[in-house]
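Heads up, there are several structures right after this.
Paired with subunit B in one complex and with subunit C in the other, subunit A is shared by the two complexes that follow.
And then the complex of A and B:
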C-alpha cells in the first residue's frame, strides 16, 4: 500500500508544478455554468419544468455534473500511458515491484484529490454567487449517497481509461478510439444533457449500464430525485467495477506478451 | 505572385503526402471517419434532445436551427480536413523541441505546421452538413440567389479562418507554459457549446463575451443568420472586425512565442 501512496504523493507534487493548467482548469466550471445558464434561460422562457426539473434544479444539475466531470483525471492519463507504450518506455512499469493498474489508479486518484481541492473552491464560490438560482442538497443522506456514487463513478472511469490505454499494446494509434469513447461517455453519462430528457424506455435500459451512475445519477440524487434507485445503482456499479477490474488484469497479461519494448 | 504559387504547390504536396500516408494506414483513415461521424451523431442527438419540443428560439424556427447545425458541421469538417490535426500538434512540438527542424526549413513555419496533417477522411463529415443545409433551405422556401450563396461561402471561409486563429492562440501558449491541457478542454467546451446552441440565444454581457471576447458563438450563427434571415450592416462590420482582430492577435502571439522559444529546453 505504501508504494501506491508514494505514487500518489509524487503525482500530487507534479500537479503543483502545472499551476497554470490547474488554474485554467478550475475556471471551467464557471464557463460551463455560464453557458448552461444562457441556454436554459431561453429554453425555460415558456416552461416551468423540463425533464422533471425546474430551472433552478437544471442549473444545480449542471454545476454538480461539471464538478464531477472535472474530477476525472484518468481521461488525460490515457495519452501519456499510450505514448509510453508506443515509444517503448512502458518497460519501467514491468520491472518495478508495482502493479501498472495500481500505479494508474493511485496516480489518477491523487490527481483527482488535488483537482478536488482546487475546484471545490471555485464551485463553492459559484454556489454563493448563484445561490438564488441553485438548489441546496435535498438531505445529508442524499448528499452522502451522491458522493459515494460519484466516487464509484470515478473508479469506473479510471478502469475504463486504463483499459483504453492498454489497447496501445495491440494497436499503434488509439487516438481515434479514445476520442470516440470520450464523446460517447460524455453523452451517456449525462455530462452534456440530463438523461431525464431522453425517452423513458432508453432511461430504463441505461439503468443497467454504469454510465447512468457516473454523472447523471449523483447529480439527481443531490437534487433528491430517483432516490429509490440508489441500491440498484450501487449493485450495478459494483458489478461493473469488478468486471472491468478483472478484464483489465486479463487484458494486461495477454497484451504484455506482444510488447517488444523498443518503440517505433 | 511567385510566393503564392509556391505555397499552392506546397499545399498540393502536403495533400498528396497525407493521401498516400492515409492509404497505407487504412485503419487509421477509417478510424478518423468513424470518430468524425460519431462526434456528429452525438452532437445531433444532444441537439435533438434539447430542442425536441421547442418550436422556436429567439425568433429562429426549427429549420433555421437545422441549417445552423448543418453549417457548423460543414465548418467542423473543413477545419478538421485543413488544419485541425496540424494545429493541435504544435504544443507537443514546442515542448519536445521538435520545432527546430521546422524553423530551419526555407518554408513559412506556421504554414507548414498548419497544413502538414490534413485529414482527408474529415471531408466526409461535410456531407451530412450539406444535406442538412440544403434540406433546411428547401423547407424554409429560401430563394437561392448568387449573392446569397457567395455571401454564405465568404462568411463560411471567414469563420474557418477565425476558428483557426482561436485554435492557434491557445496552442501558442505552450511557448510560455509547460502544460496547457486545461485550455484544450476549455476550448472543447466552447466549441461543443457553439455547435449545440446558436449565438442568437445570448443577450447583453453574455452576447458581448461570446461574440467579441471569445467569439465561438459567431462561427455557425453568422453564416446561418445571413442565409436564412438577414445580416445587418453593423453585424457585418462586427464579424469582419472580430475576424481581423483575431488574425492580428494570433500572428502577434505566434511571433512572441517564437521569440520565447528555447529549443528542446522550452
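And then the complex of A and C:
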C-alpha cells in the first residue's frame, strides 16, 4: 500500500509544478454553470418546476455536477497512458514490482485530491456570488452520502478510463473511442442535464447501471431527492467497481502479451 | 502485417557476477533480447530463465531482483527532482531505510551528484540524467542489471564516468551486468566477454580482443605533418585524403606497424591517429564468413 501512497504523493508534487494551469483549468467547467443559467432562466420563465426541480435546485444541480466533473482526472490520464504504451515507455510499469492499475488509480486520485483543494475555492466563490439562486445541502447525512457516492463514481470512472487506455495495446489510436465514450458518459451520468428529464422507464433501467450514480445521483442526494435509492445505489456501484476491477486485471494480463515495447 | 524474427536460435548463458557486452548494428536484436530477459516481451518459442525465474511471468520476486535502464526511456519524473523518484522506488521495492540512505550516499558519492539530487530532472544535462537513472535502478541492490544503450548521446566525459561507475558496481557489489551498445568503446572499456549479434543471431561469443584480432583486417591512419609534405610509401595503401599537411589512408592491419615506422622516420609528423575498422563492418564480415561452432570465443 505504501508504494501507492508514495505514488500519489509524488503525483501531487508534480501537479504543484503545474499550479497555474490547474488554477485556470479549475474555472473552465463552471462556465457550464453560466450557460445553464442562461438556458434554464428561459425555460423556467413559464414553469416553476422541471424534472422535479425548482430553478434554484436546477442551478445547484449544475454546480455540483460541474464540480464532480472537474474532479475526475482519470479522463486526462488516458492520453498519457496511451502515449506511454504507443511509445514503448509503458515498460517501466512492467519491470518494477508495481501494479499498473494501482499506479494509475493512485495517480488519478492524487490529482483529484489536488484539484479538489484548488477547485473548492472556485466553488466557494460561485456559491457566494450565486447565493440567491442556490440551495444549501438538504442535510448533513445527505451531504455525506453524496460525497461517498461521488467518490465511488470517481473510482468507477478511473477504472473505465484505465480500461480505455489499455485499448492502446491493441489499437494505434484510441482518440475517437475515448472522445465518444466521454460524450456518452457526460450524457448518461447527468453532467449535461439531470436524468430526471428522461422518461421514468429509462430512469428505472439506468438505476442498474453505474453512470446514474456518478454525477446525477450525488447531486440529487445533495438536494434531498431520491434518498430512498441510496442503499441500492451503493450496492450497484460496488458491484460495478468489482466487475470493472476484475476486467481491468484480466484485460491487462491479456493485452500485455501483445505489447512489444517499441517506440521512441 | 509484416512479421520479422527478431531473435533466432539464440543460446546464451551468463554466470553471476559477469559483465557481458552485447554488441551489434541497429536492428540486430539487442534491445529485443533485453526486453525478453526483463519479461517485457515473451519468446514465441524456446525458453528464457533469469535467476531461476521465467521473466514473462513478471513475478514480484523476479522484478525485485533485477533492474533495467534503457538509454532512451526514462523512469524519472520529469518535473520533479530525482530524489522523489528515489523515494518512490524505496516504497516500490520495499528498501529498508538504512539500506536506502547508505545506497544514496554510496552512489551519489561515486557519481559526484550529491548537489544535484534536489534539482528538477528537466534541468539536468543528459549525462546527469543518465547518472540519476542508474542510481534509481541500483537503489534496491539488484542482482542483475540490464543496460540498453546507456551511453547513447553522451559526451566523452560522461561516457567515461558511466564506464567507471558500472565497472565499480560490478566489482564491488557483484552485480551481473548485460550491456548492449553499438559503440565499440563501451564494450572495450567494460566487458571481458563480448557477444556479437546480427540479424537476431549470435555470431560471436568471447573476448573482444580475440574478435578484433581475428576479424579486423585493416586500419585507417590519419597523419598530420608539421610542414607541407607529399608522402610516398613503400607499402600498398589506399589513400582516402591527401592534402599538404594531412594524409589519411587505409592499410591492412599487419602492415600498419611498418608503415607508421616509415612515416615517422621519413617525415616531420605532428600527430597520428589510428582508427579501427568500424564494428559493423567487422560484424558483417563475421556474418558473411559463416564460420561454425558454438563454443565460447567461437564464431557461430
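Going forward, the second predicted complex is superposed on the first by the 261 of 264 C-alpha atoms of A that agree within 3 Å, B and C clash if a C-alpha of one lies under 4 Å from a C-alpha of the other, contacts with A are read in each partner's own complex, and residues count from 1 in each chain.
In this text, contacts are C-beta pairs under 8 Å (C-beta built on N, C-alpha and C of every residue); 3 or more make two chains touch, one makes a residue touch a chain.
None of these values were measured; they are calculated from a predicted model.
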Superposed partners subunit B and subunit C on subunit A - clash or fit: fit
Contacts of A:25 with subunit B and subunit C, given as first, second, both or neither: first
Contacts of A:192 with subunit B and subunit C, given as first, second, both or neither: first
First (subunit B), second (subunit C), both or neither touched by A:6: second
In the superposition, subunit B vs subunit C on subunit A residues touched: B
First, second, both or neither for A:94, with subunit B first and subunit C second: second
Partner chain in contact with A:17 - subunit B first, subunit C second, else both or neither: both
First, second, both or neither for A:259, with subunit B first and subunit C second: second
Touched partner set for A:238, first subunit B, second subunit C, both or neither: neither
Distance of closest approach, subunit C and subunit B, by C-alpha atoms in Å: 9
Subunit B/subunit C common contact set on subunit A: 17-18
List of subunit A residues in touch with subunit C within their complex: 2-3, 5-7, 10, 13-14, 17-18, 88-89, 91-92, 94-98, 257, 259-261, 264
Residues of subunit A that touch subunit B when the two form their complex: 17-18, 20-25, 27-28, 31-32, 34-35, 38-39, 41-43, 76, 171, 173, 176-177, 179-180, 183-184, 186-187, 192-193, 197-198
Residue numbers on subunit C that touch subunit A, as the complex places them: 35, 38-42, 58, 60, 63-64, 66-68, 70, 72-75, 77, 79-80, 84-85, 87-94, 120
Complex interface listing, subunit B residues touching subunit A: 27-28, 31-32, 34-35, 38-39, 42, 45-46, 49-50, 52, 54, 57-58, 177-183, 185-186, 189-190, 192-193, 196-197, 201-202, 206, 209-210
